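A, B, C, D, E, F and G label the chains in the order they appear, each numbered from 1.
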Amino acid sequence: MEQGVRRLVLDVLKPHEPDLPELATRLSCIDGVDGVNISLVEIDQDTESVRITVEGDRINLHNLKDTMKDCGASIHSIDEVSVGKKLIKKTLT
Amino acid sequence: MEQGVRRLVLDVLKPHEPDLPELATRLSCIDGVDGVNISLVEIDQDTESVRITVEGDRINLHNLKDTMKDCGASIHSIDEVSVGKKLIKKTLT
Amino acid sequence: MEQGVRRLVLDVLKPHEPDLPELATRLSCIDGVDGVNISLVEIDQDTESVRITVEGDRINLHNLKDTMKDCGASIHSIDEVSVGKKLIKKTLT
Amino acid sequence: MEQGVRRLVLDVLKPHEPDLPELATRLSCIDGVDGVNISLVEIDQDTESVRITVEGDRINLHNLKDTMKDCGASIHSIDEVSVGKKLIKKTLT
Amino acid sequence: MEQGVRRLVLDVLKPHEPDLPELATRLSCIDGVDGVNISLVEIDQDTESVRITVEGDRINLHNLKDTMKDCGASIHSIDEVSVGKKLIKKTLT
Amino acid sequence: MEQGVRRLVLDVLKPHEPDLPELATRLSCIDGVDGVNISLVEIDQDTESVRITVEGDRINLHNLKDTMKDCGASIHSIDEVSVGKKLIKKTLT
Amino acid sequence: MEQGVRRLVLDVLKPHEPDLPELATRLSCIDGVDGVNISLVEIDQDTESVRITVEGDRINLHNLKDTMKDCGASIHSIDEVSVGKKLIKKTLT
């Protein structure tokens, strides 16, 4: 049986609003999401770079992308993804 | 059901008074807060930069901002926020 | 009795499509695979370098290579492999 | 209910006497203190810089300051404080 | 009673074939071997440097050397060895 | 009730004799000492610098200093001391 | 009662023969030794520098020195020793 996504780490550019707690709360409501962490990387005048980690079980990527779009946030890159019944973290070089 | 905020890391500028134990004690009384850590980053003549970590369950951000204001402290940035039934810590690059 | 492969770390070059969640999902369906992590190393115009970690029990390498090929991904090198009833991780120098 | 102080890290300047074991023993006798660690940072001719960590439950700051004063030690800065039913350690940048 | 070898870390030069999964699988079949990890250190045109970690109980070194030879691999150095009923890892300087 | 010393880290200069195992054994016999570690820092022609860690319960400092003296060792500095029913380790800056 | 040596870290110069597995095996047979780790530090033409860690209970130092001598190995320095009913590891500066 196909396994769902368990963990995602995203590099995201967002406007100042919604703020981090608001965006994290919205993401935490998505189907299959158990927890969200957003960390600030850099603040510019109109935007901020953040690193978003999402963990859960069969995370609904479609809804996640929609929520990002609704918040005016653009995903620069997916930096890490984990799939499968065993959660594997990134292997450092 | 919407999940509340579980963890916040704040970059804050504050006057010397109230001192760190006093400010931490006030923050620990806020609804949903289970623990507070304040670490000194830099002392200047009239102000000090501190890093505040707050953990709990459905932390009341409104009260938190009010308490900060009452203490003359200004939040420079929210550096990290965690939301959801699973507490996710920051992913290092 | 011959032991199967328990863990693989691969250095892979892939086109942008399928994206990381899609590729990880396909790899997670392979016989003997319990978990997959894909981490982004570098993005170029048409391709991206990724580091893929696969864990499981008697991972079917033949299917793994076929799936990579189907996705247009080429394995640059096998950086780490673990075999045996005890899972041994890489020893740092 | 107001929570007491659980952990303090202090940057302190002290004369050579009382020595570290003596000062630590005195601090350990203060109300609410469960453990004390004193680490030497630098020795000068007449004074020494030390880093004092105190953990406990509702640590009596008033008594702590009095004890410091009695020992001729001056608190240069409070580098870290933890309050609340959950003990939160410093978040590294 | 004499204790057998519990852990070995080897610095090895090998031809590209057999590849890492194949070599690891062969080594995992040796008497007394419970697990094998092979990590790539450097690839050259005709050869590759690898770091091999073998754990087990009374590892048969004779068979291990024979298997290496059969695979065209030469042991440059034994970087670490553990013997005894308690497995001791390398002490960092 | 006054708490005793639980842990001491000492910077010590000693002659080559008694050697490290002999000195550690003598220190381990002191009242209240449960364990001793001596690490070599630097060897000179007639002396060696060592770092001594002693853990226990109500370590008898008087006896410890006497034993050091008997062995011709001089305590350059007490680098760390822990007192109290909870053993607190050094807080890194 | 006098406590025995629990842990030793030695800086040793040895000829190429006996090799590491052979030397480790011989050391593991000494009275009071539960485990031995030998790590290679540097290889020269006729000799090699190794770091030997021995753990056990009341390790017989006399036999250890004899075995070293029998193997043509010379102990350059004892870098660490632990004695007592509680095993204390080296404290980093």
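Everything that follows uses one rule, which is that a contact is a pair of C-beta atoms (placed from the backbone, for glycine too) under 8 Å apart; a residue touches a chain by one contact, two chains touch by 3 or more.
Just so it is clear, the model here is predicted, and its values are computed rather than measured.
If you apply the touch rule, which chains end up adjacent to both subunit C and subunit F?
Correct list: empty, since no chain touches both.
In contact with subunit A and with subunit E at once: which chains are those? Just list them.
C
For subunit D versus subunit F, what separation do you get between their C-alpha means, in angstrom?
That pair's centroid distance is 23 Å.
Taking the mean of the CA coordinates per chain, how far is subunit A from subunit G in Å?
Result: the chain centres lie 51 Å from each other.
Counting only residues that touch at least 2 other chains, which ones in subunit E make the list?
80
Based on which chains touch which, is the overall arrangement a line, ring, star, complete graph, or other?
Its topology is that of a ring.
Once the touching pairs are worked out, the chains link into a ring; list them from subunit C, going toward subunit E first.
Around the ring, beginning at subunit C and stepping to subunit E, we get C, E, G, F, D, B, A.
For subunit A, which residues count as touching subunit B in their complex?
Going by the criterion above, the answer is residues 9, 19-21, 24-25, 27-29, 33-40, 43, 51, 53-56, 80.
Write out the stretch or stretches of subunit A touching subunit C in their complex.
Against subunit C, subunit A makes touches at 2-8, 61, 77-91, 93.
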